[in-house]
Structures are given as C-alpha cells and as structure tokens.
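In the two complexes that follow, chain A is the common piece, with chain B as its partner first and chain C second.
For the complex of A and B:
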C-alpha cells in the first residue's frame, strides 16, 4: 500500500495526484466537451413509413413521365443503317472485301443503293460503325504519344516507348506513332441522291466540326504551330508515315486547318471507343439554307465506298449510319424503357410496402421490449 | 455481471465476481457464450496467477477483453488488462455504451469497406468481357488511385468515429441492446456473403446500365460520347455517388463532421476531376493527364446525368426497401429502441432503473475501499447454487485514510441495506 502519496478521489472518481513536492499535477480526466464525450448534436434519421413510402411513390411518379419523354424522343429520331462489309456474295462490296490487298495501288470502289422511307430534317449526321473492333484493348489504348500529338518537337523525333512497335520504321520515327494511329479508318464514303428526274446529285458533306472542341484546339496541335506560314511538309521532315497509311499525315487534307495532327477524322479516330461495337462521326450533312426542304428527302440514295479498310480478317463489320439528333443524343430507347420500368416497379413496390406496413407495422410500437 | 455457472463442475467461470478454478481436474476449453470471467481486484488476480493456475488461466482465456481496476490494491490488474479504470461502476459504461458502439462501428465499417471495394472490382470483371479480357480498367487511373485514398476515406472515417445508434442513456436503460454483440449478429460469415451478393448486384447495375445507355449513343451535337474516357467518367461518377448514398444510409448519427465529410468528399471528387481534366494540367503534365476535356464534354449532357440518376436509384432502392421490410416485419431490439427514442424524451440520468435483478448485484460491492460487503460475499448468502467450497475472504481490511470515505454513490443501482454496512 502506497503511503507516500495521498490519492484523493473526488466525486467523479478521478484521481488528482499530489506530488511529493506539493504541487498538483494535471488531471488526466478527459474534457467534458460534447466532442470528446460523443454528445455532438446530430441528426438521427430512421426509416419510417412516413419517409419511405412517399419517397417510393414520388420516385415512381417522377420516373414514369421522364421515361415516357425519353422514349418518345428516341422514337422520333430517325436512323438508317447499312452494312457494307461485303460478307454476302450478293453484296455489292463482296469483291472488294475478298480481293483486298495491302499493296494495291488502285482503290476498290463499291456502290450500295438504299431507300429512305422518311425525310430527314435539320442536320443529319453520318457515322461509320465498326463491330468486333476492340479499340478498348489495354495494349491498344496506351499505344499513343500524347506529347507528340500535342506538337512537342522532341516527342516528334523521339516517340515514347508506349508506341512500340509502331514507333520507328526504317530508323525514322513514325509520326503519328502508335497502334491507334496506325489502324486509322480510311474508307471514303460519299452520298448521292437520285432525284425523281433521274439525276444523281452529290450531297455536300461537311468534314469540319466533327471532333470535340477541346480535342481540336487543345489536345492536338501540329508541331511548330504558332509560326506563321508553316509548311507542314517541312515540319514533318525526318519522320515517316505509319505503316498502314497510304498517305503521310501532312497530306490528309488540303485545307490548312484540317491537315496534320489536327485533321478532324484523325482526331475522331484517336478518341478510342469504350466498347467493341461503336460508331464515329464521319461527316455532317447540314440542313439547306432555305429551310423549306428537308435535308434528305424521301427517295433513292446511293452510297459510294472506296473500300480501303479490311475488317474481315477479325470477323469485323463495317456500316454506315445516317441519324438525326435530339437533346438526348442519338436513337437509344434503352433509357426511356428503363425509366418507365423502374418507375413502375417503384410504384408497385411502394404499394406493396404500404400493405406490409398496414398489416405488420405495429410491431415497432409495442412497448414491451423483451428483457 | 452475469453469474450463471457452468454446468460442468470442472470450471466455474464467474461467480459473484470471484474466481474459482478446480485445481484437481483439467480445465476444458468451453465456449463462452454470454458468460463472463471477472477478476475483480489485485488479490484475486494474484490468486489466479499463482504458478500452477497461470497456464490454465491462459488456456481457458476465452475472454474477449480483460478489464483491470486500478486502486489501492495495486496496479497489477492494470498492467495485464486491455482496459483499466478506477472504479468498478465504469464497467457498465465501458460495456454497454462504448463496447457496444465500438462493435457497431466496427461492423458497419467492415461491411461498407468490403462492399465498396468488391463493387469497384467486380465492375472490372464485367468489363473484361467487353475489352477482350485485356485487363483494361473501366475507370481512369487517377480515380483508382484516389478512390480509397481520398474520395471514400473521410466519410467512412466519420462513420467509424461518430456513429451511434442510440445514445448512452438509452443504452443504460436497455441493456438488451448489448445482445447483438454477444450473438455476433452484425458481421459474421453470413453477413459477409450477403455483402458479396449485394456487391455483385451493384456491380452489375453499375456496369450494364451505363453500357446500355452509352451503346451507340452520341452527344446532343452529334459528336462522340461513347468513347473510353467519357465512359470511364460516367462509370466512376455513378460508382462514387452510389457509394456515398450507401454510406449515408448506413450512418445513423449525422454530426456536423459527418455532413462535412460526406458532402465534402463528393464536392472534392468533382473539383479534383475537373481540375485534372482541365487544359492547364494537360499542358503541364501531358502524359499524366490524358483525359483532358472529358468532364466538360460529357457532364453537360442530359442523358449522362439521367444515367447516373437511374443507376444510383437502382442500386439504392432495393437496400432501402429491404431494410424497411425488415423493420416492419422483424424489428430488432435496436429498431424498437430507436423508434421509441424518436417519440419519447431522454430518460433522466438520475432516474433509477427498475430492472429486476437477481441478487448477485451484491457482487458489485465486492470491491470497495471501506469494509463494504465483504462479509456478505464470503458468507455466500446471495448465491443461487450450492457453492463448491468455502474460501477465506480474499482481501483484508485496508487501513487507509480512505476508509473514512463515504461509499460511492452508484447512480444506477438502488441501494438496499442488507447485512452489515460500514459506518
């Protein structure tokens, strides 16, 4: 028993130690604040019938109109799709797909006629779609050099290691390097309208304004940009074109603002798709300036394809899609149907819960909490 | 505390706060299921730690925690215990309030942690079918780094520190609330499997709803939205919002700190994402931040937000419905007390609890600085069963200046004078 110090217990039972010297040491008792004693003011919600049931009904009542709106909007979007891979013997592009060779100098063309049932108003967007093409493969996705594409002169001559094995060819750096650039889509699609008189009218296609603004103006820059009167051919001196390309990057388009790395088809392709079946914007068919005629009236059309892109080796498919656009994007009935379904299920569940609550909801109110 | 004795005579675990052990028979390891072994003071601890009892004590030590009481008899109990305090009555608070809260917080934390990480990983499993099994991540690499580090760290920390189901006074009033901890109800193998199944379901929703919504879709100006970067942003935003809502459902005690952590983490996610995907960061660290422009270009699309909304509700509504049905059909003691708590005021702290107790409450008085009830204990008048053998008094009178102290005022147990009482 310790006789040397006197331990006095106060009412709360804590010991204040008086040292041998006589001064009182600091108490070890925790402070009696709300934070330290876990008495902070708090909101304590519980799931009562008064909150859960109205929530379910309200969610049901909100979702169903949204779903109907989405579904109706999606149904009003007009879309037309034509597969031009040439798998069937009867397809016009069968010969092109069979006779494809990498070394051919004469391009193979095929012509596919189609008929539009409904006239398409306002801007019509023309897409090319690919299937079974895994642009989201891990090795493929990282096979690019963003610094080179941003116009960095060092990276132009020394592409990053991620681009291997598409970084150098014949001891020259490839510009643009990487597997993504190498596999760029290079079919040419043209549309013709066969008007009732029988003449074939070419439909004007716009190839500007198809890529994201941030991509075109921030992410992708030609090397040596900012200099006046740049000659792209000179800038890309010392580099070579990707293996699968027919033309080098500085000959992608005659227009200066669409040539080199900032070519919009190139930019669109470099934005890799998330899923193996995807579509990418190819051209825009602007609505005519007088506004009276539909952009694409009902009738016969012809699609002329310069078949450069081989997909049959990996069971891929190519298609051309014409679509109008609304506030929710392209034609996709899934969201509308999903909202309607979830809204109805929610409402139904609310009714079921209401019944359950009505029958058995008093078990909580019973005052006897058993010992 | 509880004082039911073992049926087998070989080990008597707890009897009126004193510790007995048959020296002659081997001690069998038996399951402790609601029984407690208590070593009250230094003398009984010293007795239990006698040389030939020490091994048996350790072998039968299926106690979950050891609690020692510091005091006049010395500090041996304090040195060998997990918790120690100065007065015996604090044991009630330790067990019924802090122990219970600790168990609750731990189980909630574990369940939530497993859920959020399993869901996060299972989404990658589903994506593998669509990316050629090449182990491409669905999410941005920065998101993967910051997910556990920043976006979901603080909210769950707030949950683990502050959460309470009922406050301390209600805990005292209803000690039955302690039962789920004894029965291991909140986190067991069954609970873990349920958590896995919930994760599986959530991951299906979190992948396939964005997949179906983005399949062959474009922006409202015709440009691309089904690209890898936008899809990653959509999937990660859905995931984070679902996790935040799930945490909000789990949190029963919303202090200001919790509110700040949860909403702050969500706001932080958007702030950090917009910063990382901004022009400036791309131009400075080109290869590290390739997602430039993605946040601006996809988060201004109505169908992206509609997809996020749909995904969150589809993940959360079954949980809410299920919990509500359980509360209605099979309310646990917790639910009942919480419902009561909403209706009634707090019980006053000094109100004596008219809880029927068996007479072993006298064991609480076995430890006191005054002479107390030691004679009563050793006379075994309070025992229900026939004791094994008589034992001498375990502690002698202490002749200290404190012997003149008044007996401590125990607020929760009514005092009834029985037997001799110190002056």
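For the complex of A and C:
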C-alpha cells in the first residue's frame, strides 16, 4: 500500500490525495467509517454443545406432552357420520338419488335411522360433508362478485365478468352471481330422537352462528342495508335467481336477519373449502339449559333428508356428521401424533448427540493429556 | 410481495455484511481468496443440497397442512376454515422458515441484520393484519378479509405453524452439528496450530461442534 496523506474529504465522499509530483489525485478509497470498512460491532454466535444439546432436550420435553394432550383431546371428541348418498340399492335414499331433475316440484325425502352409542354432551355440531367436490378449482373460486355480496347497488345490477357465464340470465343480472353461488348445497336435514316410550322428538337445530362473524356482519351485506324497513323483494327487483336454485335469494329464510345475502347457510357455502373432501357447518344443537341431561342421549335417532343436491353425476358422496368440539377444534389425531413423533425424534437425537459428545470429549481430553 | 417485501432485505444485509472469517485472519492469509475465485463455490453438491432442501420444505409445508385440514373445523366454535386459510397457513410457515434459515446461517450479527430479519417478520405480520382488516374499495374480490386474524385465533393453526417451522429447520441444525467445519475454518485450525501462541477465538470456532465445550463461548467483536 503506498503511503499517502489524507486531506479533508469532499462533499461526495472522494478523498483528495496529494500524490508524488505535486498533482492532486482523487482516490476512490471508501471512507473510514465502521459501516464501509466492515467494522460494525457484531455478535458472532458460536454453537457449542452446551447450547445445542439442551435445546434438543427441551424441545423434546415440551413437544411430547403437547402431543399427548392433543391426542387425548382428539380421542375424547365424539364424532358420528352417516353417508346418505344412496349408492347401494338397500339404502333408504337410493330412489332419491336416481333420476334427478332440477325442475321437479315435489322434493324427494328419505329417512335414515341410526343409533348413537355414547351420549353427546355440551354443544353438538352438525356438519354436512361432500366428497369429490373440488371447491378449490381455480376457475370456480374466482367465479363470484364480492362487491355485489357486500351490498353494492351498482354491482347488483352489473355483476363482474368473473361470474361469467353465471352472470346474466334472460337479460337479467343474477343475484348472487357466479358458479359458487349457483352450486349451493340445498339439502335439508332434520334430526329426530326416538325416545324409549316410542315418541319421536324433533331436536331443535340452531342456524345462527355457523358462519364467521366477520363474514356475516361485514363482508356480506344486503343491498340497501342502511335503510329502515327494507323490503328485500323490492330491493332485488330486476334481478333473477341463480339457475340451480329453487327459491330466490330473498326467500332463503323468513327471519330478516338471515335472509338475502346474509343467510348463514349461503355464507358458509361461499367460503370455498380447501380439499375435495370437506365438511361445512350446517346447524348447532345447543346443550339444554338445565344442564343435567346430555345434549344427545344414547339411543335411536332418525335423520330426515330432503334430497335436493345431486352428487351421483360426479361420483360424489354426501354425509351428515355429528361432532363435539374441543379447544383444538374437531377430531383429528394428526397433530397429536405429529407432535409426539417430532418430540421423540428430538429427544432421541439429543441422547445420541450427548453420547457422541462424551466420546469425542473424552478422546479430545486424552489427546491433550498425552500432548 | 414475497420477493420484494418479505424476503429481500434479509438476504441483502447478509450478502453485504456477513463475515464468516474474521478480518485479521483474512489479512494474514490472502490465499484464502483463492477458494472463492472463479465461482468455485458454485458446485453441484451445494446446488443439489439447496434443491433437495427446497423440495423437502415444499412437501412438508403442503402435506403438513393437508393432513391438518382432513377435518377443517379448527376453531373452538365449530366453524370451518376454507382454502384461503389453508394458503395463509402455508405462506406464513414459508416466510418464517425462509427467514429463520437465513438467521441460522448468519454468523456475524450486526444491528442491521437484527433489524432486517426481525423487521421482515414483523412487517409480514403487520401487513397481513392490515391487508385483511379492511374491505378494499377498489377491489372486486375480498378474498383475504380477516383470514389471517381468524387463523391466529385457532390453537391448532398456531401449533401446526410452530411444528412445521421446527421440522423444516431440523435438517439444517443437524447438519451444523454433524458437519466438521470445512474450508476456511479447517484452514484456520491448521494455521493456528502451526503458528505459535495463536489466540483463543479462531481455534474455538474451528472445532467441530460436538467437541466444543462450555469454555468456547460466543464472542463479541467491537
């Protein structure tokens, strides 16, 4: 390095140097700051056995109890499933599943008896499940107009192009537009309990509280929602119902807070599912107020289905699922097993590393001593 | 968003500021620069390692969440998650794994590294809340409205995120443990052993991890 003297630096950071022979040369040396000379104060972690080994043990000791807790919780969740597609000739719903016609005015009903082995306590959640139904298909997921569903009057009359070809019918805009709304699940499921005396008691089903709160109160709004005493039939004047629906959107429910776009069954359906075999929340069976009886005692039950939804054409299946819910959600042993496995692997690795560390450490010490 | 906002700053800071060999050793042994001349570090082995690691991460994230979603009722009120929640869980695990892997690789932590790494993660979380918290007036689709916040309200989602991040970083940690320091660190060891009275810190970083004891502590460079 040639010796040179520093002068005061210019505004642009170049350092003017007086070279041999008297002429001034501009040196391109970077300034002598900590950042530019890579001398910033720094911490250099050195992984030692003392830090890594306890980490493996701690992770193992934390994960295994979590896994056990998850597995035990999942096993304690009670779940019951009834497939009512009607594939077999012996199934009660076989006749309904054949010769389906969208235009038939008399709905087909079928009745399926089942037996609950264990009583179900606290709230029981009733789901409908579909198989081989790809709600996650890209073109299908795009086929909706969220601004129309948010109550925007312009979008109500002019649905977005994403809804094509389910946007207009007979020159009228479809409300709600799109393929997702068009394929809405419209079976009606009812539960009856056959108590030991022989009477058939209908189990009360709650249809409120099944959709996300933010979906129901913020994302989905009926058009003209701000006005008092709105008449939904008048608001939806000039639009037509989706092709596959039997009733228009303003007749989905008699209750005003569950009619129109804010109908909770509709909102639940519009939240597209992730996998081709999925379940969606249909009704909630609230636990009885006296608290002494189980919500669903052990015994014979009957499921009555108004079979509207055709799934045989794409080899799909329909199910009704009754389930209790815990802090981790529904019954799924995967997370418990995964945590137990990973915790055990980490603990085992910790033990292996500890053995290797002792052996290497002893060898190292003996080598030092001999030196 | 991913490439520009969530993951660009940490790697930039790493590339500018990382020193896996300290300045004094480099100044004394200029021949170390021959090891990186003419793109010598771009070997097939390294490339295959990173590719296999990427494939492993991808499979782990996707199928980990897929098995979780075999029952999509992950909230304690019985409500069901959709495909956007699925994608949000996978994306969250991805951003955190990538950033934490870089944090594991960083051997020379300046304040800038701390700032960009933890800042990127914090920015991801805040941005997700922000993006999902408003009904955007100029957008026709409101796909992610409240999806991130709802995902965080589910204990199962938290647990699967922690599990998948840890599982994907486990091979990296194992490699750090089992691999003898190669290349520059091995040379460091040889040079220190050949020179008389070498100082403590390069020697301690040069030993394989399992042979390092409690006396080899992390050091702070001022």
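By our rule, the second predicted complex is superposed on the first by the 330 of 371 C-alpha atoms of A that agree within 3 Å, B and C clash if a C-alpha of one lies under 4 Å from a C-alpha of the other, contacts with A are read in each partner's own complex, and residues count from 1 in each chain.
Note that in this section a residue touches a chain if its C-beta (ideal position, glycine included) is under 8 Å from a C-beta of that chain, and two chains touch if they have at least 3 such contacts.
Treat the numbers as computed from the prediction; the structure is a model and nothing was measured.
Three-chain overlay on chain A, with chain B and chain C in a clash. Contacts of A:276 after superposition on the shared chain: chain B is touched, whereas chain C is not.
Of the two partner chains placed around the shared chain by superposition, chain B and chain C are both touched by A:357. Once the two complexes are laid over each other on the shared chain, residue contacts for A:50 go to chain C alone; chain B is not touched. In the superposition on chain A, A:249 makes contact with neither chain B nor chain C. Contact with neither chain B nor chain C is seen for A:163 once the two complexes are overlaid on the shared chain. By the touch criterion defined above, A:139 lies against chain B but remains apart from chain C after alignment on the C-alpha atoms of chain A.
Only one of the stretches 188-196, 368-376 or 404-412 belonging to chain B has C-alpha atoms clashing with chain C in the superposition, and it is 188-196.
Within chain A, the residues touched by chain B in the first complex and by chain C in the second are 38-49, 52, 59, 63, 66, 70, 123, 125, 127, 135-136, 141, 145-147, 150, 160, 210-212, 214-215, 218-219, 268, 271-275, 277-281, 284, 323, 325-332, 334-335, 338-339, 342, 346, 349, 353, 356-357, 360-361, 364.
Contacts from chain A toward chain B in the complex involve residues 1, 6-7, 9, 13-15, 38-49, 52, 55-56, 59, 63, 66, 70, 123, 125, 127, 129, 134-139, 141, 145-147, 150, 152, 160, 210-215, 218-219, 268, 271-281, 284, 323, 325-332, 334-335, 338-339, 342, 346, 349, 353, 356-357, 360-361, 363-367, 369-371.
Chain B makes touch with chain A in their complex at residues 72, 86-87, 89-90, 101, 130-132, 134-137, 162, 164, 167-168, 174, 176, 209, 211-232, 252-258, 279, 282-283, 286-287, 290, 292-293, 296-297, 301-303, 306-307, 310, 313-314, 317, 320-321, 323-325, 327-331, 333, 335-342, 355-356, 398, 400-402, 405, 408.
Of all residues in chain C, only 17, 19, 22-23, 64, 66-86, 107-112, 135, 139-143, 145-146, 150, 154-156, 159-160, 163, 166-167, 170, 173-174, 176-177, 204-205, 208-214, 216-222 touch chain A in the complex they form. Within the complex formed with chain C, the chain A residues making contact are 38-50, 52, 59, 63, 66, 70, 123, 125, 127, 135-136, 141-142, 144-147, 150, 155, 160, 162, 209-212, 214-215, 218-219, 268, 271-275, 277-281, 284, 323, 325-332, 334-335, 338-339, 342, 346, 349, 353, 356-357, 360-361, 364.
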